[in-house]
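Letters are used for the chains, namely A, B, C and D, taken in the order the chains are written, and counting of residues starts over at 1 for each.
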Amino acid sequence: MFVITKPNTSSEQIATLQAMVEDLGLQTMIMQGSQKTVVGIIGDTKHVPEGAFLNLDFVECVKSVSKPYKLVSREFQKEDTIVKVRGIPIGGKAIQIIAGPCSVETPQQMQASAEAVIAAGALFMRGGAFKPRTSPYTFQGHGEKGLEYLVEAAKEYDLPVVTELMDVRDIDKFLKYEVDIIQIGTRNMQNFQLLKEVGRLKVPVILKRGMSATIKEWLMAAEYIAAGGNTNIILAERGIRTFESAYRNVLDVSAIPFLKRETHLPVIVDPSHAGGQSWMVSALSLAAIAAGADGLLIESHPNPDQAWSDGEQALTPTELKDLMNELRLVARVLGRDLGQRNVVPVSAYSLDKTTQPLAA
Amino acid sequence: MFVITKPNTSSEQIATLQAMVEDLGLQTMIMQGSQKTVVGIIGDTKHVPEGAFLNLDFVECVKSVSKPYKLVSREFQKEDTIVKVRGIPIGGKAIQIIAGPCSVETPQQMQASAEAVIAAGALFMRGGAFKPRTSPYTFQGHGEKGLEYLVEAAKEYDLPVVTELMDVRDIDKFLKYEVDIIQIGTRNMQNFQLLKEVGRLKVPVILKRGMSATIKEWLMAAEYIAAGGNTNIILAERGIRTFESAYRNVLDVSAIPFLKRETHLPVIVDPSHAGGQSWMVSALSLAAIAAGADGLLIESHPNPDQAWSDGEQALTPTELKDLMNELRLVARVLGRDLGQRNVVPVSAYSLDKTTQPLAA
Amino acid sequence: MFVITKPNTSSEQIATLQAMVEDLGLQTMIMQGSQKTVVGIIGDTKHVPEGAFLNLDFVECVKSVSKPYKLVSREFQKEDTIVKVRGIPIGGKAIQIIAGPCSVETPQQMQASAEAVIAAGALFMRGGAFKPRTSPYTFQGHGEKGLEYLVEAAKEYDLPVVTELMDVRDIDKFLKYEVDIIQIGTRNMQNFQLLKEVGRLKVPVILKRGMSATIKEWLMAAEYIAAGGNTNIILAERGIRTFESAYRNVLDVSAIPFLKRETHLPVIVDPSHAGGQSWMVSALSLAAIAAGADGLLIESHPNPDQAWSDGEQALTPTELKDLMNELRLVARVLGRDLGQRNVVPVSAYSLDKTTQPLAA
Amino acid sequence: MFVITKPNTSSEQIATLQAMVEDLGLQTMIMQGSQKTVVGIIGDTKHVPEGAFLNLDFVECVKSVSKPYKLVSREFQKEDTIVKVRGIPIGGKAIQIIAGPCSVETPQQMQASAEAVIAAGALFMRGGAFKPRTSPYTFQGHGEKGLEYLVEAAKEYDLPVVTELMDVRDIDKFLKYEVDIIQIGTRNMQNFQLLKEVGRLKVPVILKRGMSATIKEWLMAAEYIAAGGNTNIILAERGIRTFESAYRNVLDVSAIPFLKRETHLPVIVDPSHAGGQSWMVSALSLAAIAAGADGLLIESHPNPDQAWSDGEQALTPTELKDLMNELRLVARVLGRDLGQRNVVPVSAYSLDKTTQPLAA
């Protein structure tokens, strides 16, 4: 940590500052420039009261050298974290696609959704039972009933599921229904109580980036979960808020290579929320994979026009399948591949409903 | 609601759209321009599936006429809402100042804080018992113990208190300690479960604007509380996130006149978090009052250099008092005034500790 | 165009508005909702004084149906514009790579740069003679001398060149040196005088997006050039300014599919300025191509460590070549290809310096 | 300047870095932390090639101690700069109001505008002859004819004028018409050629902040002008671009105290462009003055409904006068005052048209 002083700071003032630092049990090192003096602080600066330095009127600014996140940083762990979900790896060479509807609506819709996911060759299904909605007057999700529909449909096809947790009081339900991956949504990225609670579990967590969260804040949110003991964390970029209003959000593709360097956690992308329109999903998905993402979280629906929420951004089963094929080609020329399952035709599936073995 | 079509849309396509609308029990009205056709939809469009229209390939966009918020809008209620807290009005002609430390630290610090609040002439005290902190490794607040310290110190001086609620599971504690105003912090502005819960109470709520929340999202968050039956809502602008990094946030002073026109709820400003530096607080406070704010939420501390959090933005007791005097002058020339109490010298206070009558 | 009134607007007020519209020679159509009245305005609304409507106190807002840009819109021209530069197409199926240094420094550096461009298989060279620099105290470019070095090196290898124009007074020099493509930089995107002047030329123009320009403003800037008669316009996305400061800018990959739908102009991407760090260039380049970009504008330098400007974001000759190979693979699986030249080994080039035929 | 290395950097690597620095004739100072090493660079670091350091793979980042702007910084000059325009001070204790229409339209409109400015008690008139317009199809200003109308109307009332310069080729016209203050508009804040040219003049310059310019970029733009020898610079905050679309821009009121600390130049505010609606001008103007601004640039028009541009944000003569009265009250309680002229009733003015003496 450095304290940079204003020009013409006297040696008495510097001495005051040094004394403050030494009182904290830390050492100083002085670097005298032509105009400004820089006081380096050596030692564990975690509990240094920066505010007290900033309140000194001869201090211009304080700069930190160390990063505020530890456990999730690449400095702490060099190798990629691979989160295993029922044996399927997220992170590493395989790229995993998670598809399914915005909201869980009916058992029939979930069954059709699961069939479409299987038909497209994706290995995970998503679906929202508890829905964070901007308006109190719109459909808020079926709640526990939604979990039931989701899990039941997924079981028939042996699909691990992802669904969003919004309330600490619902954790027991998530455990009861054996949700495979808990999603923390963009509006809850800094709901620290929720982060602490999922940090106590072993269940993998998809942590979506807050709509305007910096990378640093996002990694600090992940650090909350990791600090609790749960390091099965998957980061999900889902578009950021900018000045542009032509599309809902701007997919921050720059975040992908940056995160791959800065953290060992897997990074996936939600192209559906980023663009907010189904016709943008394909381009954004391809871009995400080309930039190095470890997976995608895509909204699909058996019949988008009838969707109870976000129908304009959902892919049809055919669009989903076509996209998967394109993604596979790009993944392969870049030395990766989409995660694979012992693919069984949907008709066969529909007939015998036996549990299928999964392979990454 | 309007659906605007692309150029060269055929009359058959328009007919398809009309049929979709009529199936919903609504009426259409066609406006034929030189290039585009506009289909107006008349009736209650609350449940219209916009996505289905957007998925038609001849549709360019859908525009809404009505506002998504009702109860909190000026259209719904013309007169200003005045939130009464132990008889003190927030909203209306008087401008109310809430001051106090970022974190509740010790009984002594809270006592000194309360004395400073009284000495400055402010009518409310703030202090955080549950602290949302970016890092899991920093002080997270004393929790219930903090509520106790806060409330005890406030009682001695008969100061109503404001403190932040982060977790639905803590509501009982807030009721037990009779917290006068519950604050929903910037990171929880779209924690819909929390909003629903405080919507069920009668306790006044300060709803801080999300760091990057649009006015519309903010009012929709207030609508969540109002829809639950609690209309004792105070909006607090606290600076927004922009591209500028020279100061922590940009105080959105433009929001003040905009909100006063758009909603009947009182609007206050937090100049401390907006600037993030104590030397900016005075200018931002004056600007907020001049722009029409109904109050301020200011961080002050008996000894900012020793503060456990946010010391760099806290005012000293003297600075707080000086600022109050400036604010009063500006308020008066603009036809308003700071809320007043039968002011009793701090020394007298310290001696007899009797409960004082409050007057706005 | 629609004028939406506030609730409880009287029929007399509506009549006033209708009269205003009819005085302008336009027709109105009234749509009466339950609360608000909408007045549609039919006819050519280009010169309608929106301000006068907004100043009526019963008017809530005015919404426009038509787009402000015409010539550059997909509505105006359905087929893709293909800009031909010495026979090489920009737009269409081939993807073109433009590479070269930030600044033109010396004849030797430019010769080495040209060799690297050829060796990598790119068809265009870039290099800045007039440099827009944030600080008046840094290298401002060699000016006309720079044009000379650039053009001379390029001629030897028969490489068409791209270079930035900052000042209307320099146009004659650009014509004298026969610059193949004129670049309008991000800071001049709304330098309307400059846009008007290049609109009078026939030389192709790369129009970079302003750092915080909306898509609409960007297309309006292109419209300035097109309105002057020059439709040889190439749009270049180069990263936008957001709240994130971990990297210089955020590459707005969402803009690519959006622009391909909204305009017929070719769209290229500058991954070097977007990321600001050479190690990000590869991921961003691949993402851009995967999302559908028609080309890339990449900074490369024979020796980045010695570059006079932006060395931290320049690729070495080897990195450039490796990236080209990856880009080619991705382009091909997506049904496109990089533009090709009858490739001749650099050594041969260096020996005989004859003009090579170009092929796309 | 500091170079911060990644963890586990070897002593050989540090030695390499030291050698590079010493080759530049500068000294190093090593600070060994528990994980990272920090290499301080002592001496004149203006020409240090940061990129070369960043390209070293053991370097994490480079941080600068000194500010990139010199002449305009408070460090360079402690006392406030007071720009004198025909004897009237801008900066210092007096607050100056500049009012007038967006566009110069007709001689009659300018005469009426001047009368309104005088009647309100403002000391300067604005009016645009060269208009930067987003669309090529809207009114672009009268050009030189506009300068003539502006200056003629202003002369009758002895009002100094402010008008915008967009093109280096127009400078002679600005000098010929003796424009008192040249405005550099928001879109030209980084038109470096234009900045260099006005830097060669003695005429005072209002430098508007770019719509998304950081404070640092803005001060660097001012540095361009100052470096040319012209230190008669007035900074004008005019609202910044953010995610919020409820109003045109967000007035960055936080910039005012920050700039007053960081630079010695006067700071004024344009509340009209910031809000984009006439009903917001009053609140924003009061906020700006309360926050410490040295003046305002307000759009007013004899008849806003008939304005050729920006009518929705222009004040009427009566609104302008009422606002001036409010501003005066706020200025006075804060120890300042509006600049005063020996006020003469407009009627008298209209009668004899003699030149009036000006007093600040």
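Methods note: a contact is a pair of C-beta atoms (placed from the backbone, for glycine too) under 8 Å apart; a residue touches a chain by one contact, two chains touch by 3 or more.
Note that the structure is predicted; figures quoted are calculated from it, not measured.
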Repeat of the A-C interface, chosen from A-D, C-D or B-D (over half of contact pairs identical by residue number): B-D
Same or different residue numbers at the subunit A/subunit D copy interface, by half rule: same
Taking each chain's C-alpha mean as its centre, the one farthest from subunit A: D
Whole-Å gap separating subunit B and subunit D, where each centre is the average of the chain's CA atoms: 32
Centroid spacing, where centroids are CA-atom means, of subunit B and subunit C in whole angstrom: 41
Separation of subunit A from subunit B, taking each centre as the mean of its C-alpha atoms, in whole Å: 28
Subunit D, residues touching no fewer than two other chains: 212, 241-243, 245
Complex contact set, residues of subunit D against subunit C: 46, 49-52, 54-55, 68, 132-137, 140, 166-169, 187-188, 190-193, 196, 211-212, 217, 220, 223-224, 227, 241, 277-278, 304-307, 310-314
Subunit B-touching residues of subunit D, taken from the complex the two chains share: 212, 214-216, 239-240, 242-247, 249-258, 261, 274-275, 279-280, 282-284, 286-292, 326, 329-330, 332-334
Parts of subunit B lying in touch with subunit C, wherever the complex brings them together: 2, 4, 6-7, 29, 31-36, 38, 40, 42-44, 63, 65-66, 75, 212, 241-243, 245
